[in-house]
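Below, each structure is written out as structure tokens.
Paired with chain B in one complex and with chain C in the other, chain A is shared by the two complexes that follow.
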Partner chain A sequence: MISDKMKAAILKELKLKEFDIQDTTLANQVPGWDSLNHINVILAIEKEFAVKFKSIEVLKCKNLGDLQKLVDSKLPQ
Partner chain B sequence: MKFRTVWERWQFNAENTPDKDAIIHWYAGEEPFRWSYKELLETANRFSVQLKKIGIQKNQVCAIIIRHNKFFYPLYMGIVGAGAIPAVLAYPNPRLHPDKFRDGIRGMSQRSGLDWIFTEKSLEPIIGPLLADSPTIHGLHFPLDWNISETDDAIQQELDSIRRERLPEDPFLLQHSSGTTGLQKPVLLSNRAVLEHVDNYGSSINFNASDKVASWLPLYHDMGLIAAYHLPLAFGMTSIQIDPFEWVLAPVLLLEAISKEKATLAWLPNFAYNMLADKVPDDELEGIDLQSWRLVINCSEPVRNESHVRFLERFSAYGFKESSLSACYAMAETTYGVTQTEPGKMPRTIQADRQKLSEGNVELIDDSSKARICVSSGKVIEGCQVKIVDENRHELVSGKVGEIAISSISMFDGYRNYPEKTAEVIEDGWYYSGDFGFIYEDECYVIGRKKDIIIMAGKNIYPEDIEDTVAKVSGVIPGRVVAFGHDDEKLGTEVVCVVAETNANTASEKEALRVAIMEAGLANDQSITRVYLVPTRWLIKSSAGKPSRKANKERILQSNEFLVEQV
Partner chain C sequence: MFNFDISKIVQLLQFDKRDPLLFGSSLFFLLFIGVLVILQLLNKNVKLKFAFLTLFSFYFYYKASGALVSVLAAVAVGTYILALGIRKFQNTGVRRLLLILGLLGNIGALGYFKYTNFILQAIAQAQQKPFEALQIIVPLGISFYVFKAISYLFDVYWEFFEEDHSFWDFLLYITFFTNLLSGPIDRATSFIPQLKQNPTDSLTNEDIGRALFLIMLGLLKKYVIADYIGLNLVDRVFDAPVRFTGIENLIALYGYTLQIFCDFSGYTDMAIGIALLMGFRLMENFNFPYKATSVADFWRRWHISLSSWLQDYLFKPIQLSVRRMRILGNIIAIVVTFIICGVWHGASWGFIIWGALHAFYMSFSVLIKVPKTFIYEKLHITKLKVLPVIQTIITFHLIMFAWLFFRMPNLDAVKEVLNQMVTFLKPDVAIQFIGAYPVIIVLMVIGYVLHFLPGKVYQFIESLVIKAPLSVRIVMVTVVIWIVSQFRFADIVPFIYFQF
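Here is the complex of A and B:
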């Protein structure tokens, strides 16, 4: 499930007040999340959670649920 | 050696250098797949056999809609080997509504006369409905599911005869030049046009036996198809092909491929320079060596000096050389290249007086605050001629700004099934490009477009398409919308801006409308970056009674009063 923290980081970066983000949401279904903006959103999430992704790891994420799992896997247990 | 057809040339390469890598199909994070020339042509021939078995006829147009896949290349070549005409079409972006995707193909098929579509099984629900109402499309095929191991002597004989009888003037491929949705312009190219072009363009960049091309460019685009795919294949060189969808998510893939395979050449649209320079983290560049990279050629978007400078600053520590920066001017209608800068020399820049430039005159100026830095796209290549003309198509002298007209031995014969559009752009053997530029000391500088086309990340976007989308959004006053492109220096490309009249008053109403406009754009595969909402009767009309893009762009950019942005 998408955490409030991740959702807030995405919305803030894309300058959106509200948008429904679910596990199955694709990045390019979120207004403003296009190829030119993609890396800015990823950097914003990295900063918010103080984690670092490899491009290949992000590439393998099929949807935002996968991205959340990637974030979770980087956080201290 | 002279070849009559492109197939003959491929065959020669397969016999001459059978074990050489023809195409290295790149997989992110995995081992790449390598096609040798011999294996590639043998597999292409097997596809040709299968194509004959299912009834594909000579000169039928075979559209390919397949995402990055190692069998794409032999399928494409197999279509050529069967005497049919390949046409690569864009793979649907997942956010694009299926109806919109079908509308695009339907419009395209009317002009291009698409006969067959070769695609993936997973796209059947999206593409299948087209069969019911397209007058030209005979059927869908799923070549990735075919068993192509069986041979057939009778069919092979038939194929041999088709290939022997094929002439230089026979159609070889169909590519599409940009146009509004459903009205992309089909450009049919002959064997001769492509063969002459690869030789002339190849010689302008000193293409040689040690060259290796790396590319993430989509193959439905002339830069990806002609420069990064046909050029190395014709010369018997190697190309490394990366999935464009993967590259935008991980730009480092191109640098990895260049470093690991010691690639020497790549073509990039301007925005990619900024993306690579600004968005690849340092830790991902560990071990990257770019010393082999002898040319990176900027094309498909206006060339920005700032992007070159940033790129050089970022990658010189990794072995990238200033002399590797390069630029060219190209278009599908002339097969590809028209001008090219001299290899081994950074493209020339001039500092032109911005005001004089807007008046149509090139005058150099020292004061950088009043100047526009123009980057050269180089000299005219062999087989092409360029002239600059005024609005009446009268030739202008060097140093005057006007429309760029081209004559080329690799010129298309006109848009297929589109005589009225052909008549608009071709006159007495000259193609009138719609691009604005000038010649200065024998070099060509491209500075803009005659029409209001927005070029975002190498993609031509027609403001009419954006305006149609936005006008349908509830809350926008119908017909009271303009769209335009605005330079984003940080991104190195234009972004799409929209000004729409509305009765929405409160901040929350405006925010909801902004999101609705952006979502409508997404459903049409249009990225709208800035939304300006203005009260009724705010937009300035042109003499034709329609809102004027130019006047409203100037007016809205004077202040940010109407920009809707949630902070």
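Here is the complex of A and C:
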């Protein structure tokens, strides 16, 4: 499930007031999340959670649920 | 009685590089009806059905490329073996090594066949030495199936396949005849899952209507609009631009802009429609590209299977690896991607400049995005209804200007066209031109009007065809074939995109 913290980071970066983000949501379904803005959203998430992704880890994410799992895997248990 | 000569039929079915199985040819039409009948007979044995389709696909390629069918087979087998290794091994280093080997093998094959002479010539020119071209025959459609193979390797490496699949599944994916020579560059992750069941099981009456609509639309676009305008206007003017006034060069450029769209999208419409008649759903390839309101928007609508391929397997990996450079990172990724996009289209400086020009358009729009948004908001024009119209007109002409480099054989010819437009425009000649070539003008108007029709009107026309009863469909197909036959020439204009 997408955490409130991640959702807030995404909405803030894309200057959106509200948007329903689910595990199955694709990046290009979120308004403003286009191929050029992609890096800004990824950098914003890295900053928010103080984590660093490898490029391949991001490329393997099929949807936002996968991205959330990636973030979770980077956080201390 | 009939004088039946079997040797002539054998000759007709044999490899002939001047006579590939084009979708609009009578031979393809007859063979495809035979294929549909056999598929129906094999309908209860799905494995046999797929095996037959693979065999026919190899024959389809043999008919166009002869012994070079071995290149297709080698790409298929080599790619699958390496991908199998990636699937089986857990070790990251080994998996990466196999991926790199697969990429090198595929890019090496593409590079050898398409770019060897270009590179050798450039080296010879730099050294001011004479150049003698090597006898290398480029296998038709190699850029398309090599890109399919590369996307498969990446998708296996990134673990995008949810279910297991066999070599035979992959072989049908890579050789599937409808998109083998000219795309769409379909993804294995979308095609292979369709092989888990009999594709015709989910085929509805509406799907058949849509397939027929796409085939009829493709025939009209390719054989009526593109070929007629190409042969009678574009080639004549651009073969010797200085013999024509600037206005005629300009009309020819508008003609070429329509021709390349109708030629390429018409052929892929047919590919998608033919696949759909057999129950296979290929990815969309064009979405009214000239309606784009920006160059970035154009690339979301033009040759979508290539642009999304470049985005997923080239742009994104580069962009992510340099993401900390933010805007500069985006620009680096854009420039590399579009130069390679140009090179993919062929070994010539014209294609490379065309790619570089698109890279410039895209990079410039990235750089001015913030000030542009600021100015638009200050002027309160963001919600003006006329704004997207102006943006579409500007984008269309930027794209059209870039096509000039794509079409002309060299930079001198580009200069000639531009020079005629600037110094010898003679706009009054346009009236004479319209009077002298009314069919060309009518076809151009029909082509552009159909393209720029509001989406709802277009969908209404499409739904009329899709929902038509069988008798009406038969009449429509007959009428379209009649119209196409009226426009067909003794010598068929070759399909522009095969050379890529």
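Note that the second predicted complex is superposed on the first by the 77 of 77 C-alpha atoms of A that agree within 3 Å, B and C clash if a C-alpha of one lies under 4 Å from a C-alpha of the other, contacts with A are read in each partner's own complex, and residues count from 1 in each chain.
Following the convention adopted for this analysis, contacts are C-beta pairs under 8 Å (C-beta built on N, C-alpha and C of every residue); 3 or more make two chains touch, one makes a residue touch a chain.
Predicted, not measured: the structure shown is a model, and the values here were computed from it.
Participant: Which partner does A:5 contact after superposing on A: first (chain B), second (chain C), both, neither?
Facilitator: neither
Participant: Thinking of the overlay built on chain A, is A:15 touched by chain B (first), by chain C (second), by both, or by neither?
Facilitator: Touch partner of A:15: chain B, not chain C.
Participant: In the superposed model, does chain B or chain C contact more residues of chain A?
Facilitator: B
Participant: Look at A:56 in the shared chain and tell me whether it touches chain B only, chain C only, both, or neither; answer first, second, both or neither.
Facilitator: So A:56 meets both chain B and chain C here.
Participant: Considering only the touch criterion stated at the top, classify A:36 as touching first (chain B), second (chain C), both, or neither.
Facilitator: both
Participant: Show which residues of chain A both chain B and chain C reach, each in its own complex.
Facilitator: 34-36, 38-39, 55-56, 58-60
Participant: Within their complex, state which residues of chain A touch chain C.
Facilitator: 34-36, 38-40, 42-43, 55-56, 58-60, 62
Participant: Taking the touch rule as given, give the residues of chain A at its contact with chain B in the complex, in rising order.
Facilitator: For chain A paired with chain B, touching residues are 15-17, 19, 26, 28-29, 31-32, 34-36, 38-39, 52, 54-56, 58-60.
Participant: State the interface residues of chain C toward chain A in the complex, per the touch definition above.
Facilitator: For this pair, the touching residues of chain C are 158-160, 296, 311, 315-317, 319-321, 323-324, 326, 329-330, 366.
Participant: Show which residues of chain B lie in contact with chain A when the two form their complex.
Facilitator: Touching chain A: residues 28-29, 93-95, 246, 248-253, 271, 275, 279-281, 283-284, 456-457, 491, 493, 495, 508, 511, 515, 518-519, 521-522, 527, 529, 565-567 of chain B.
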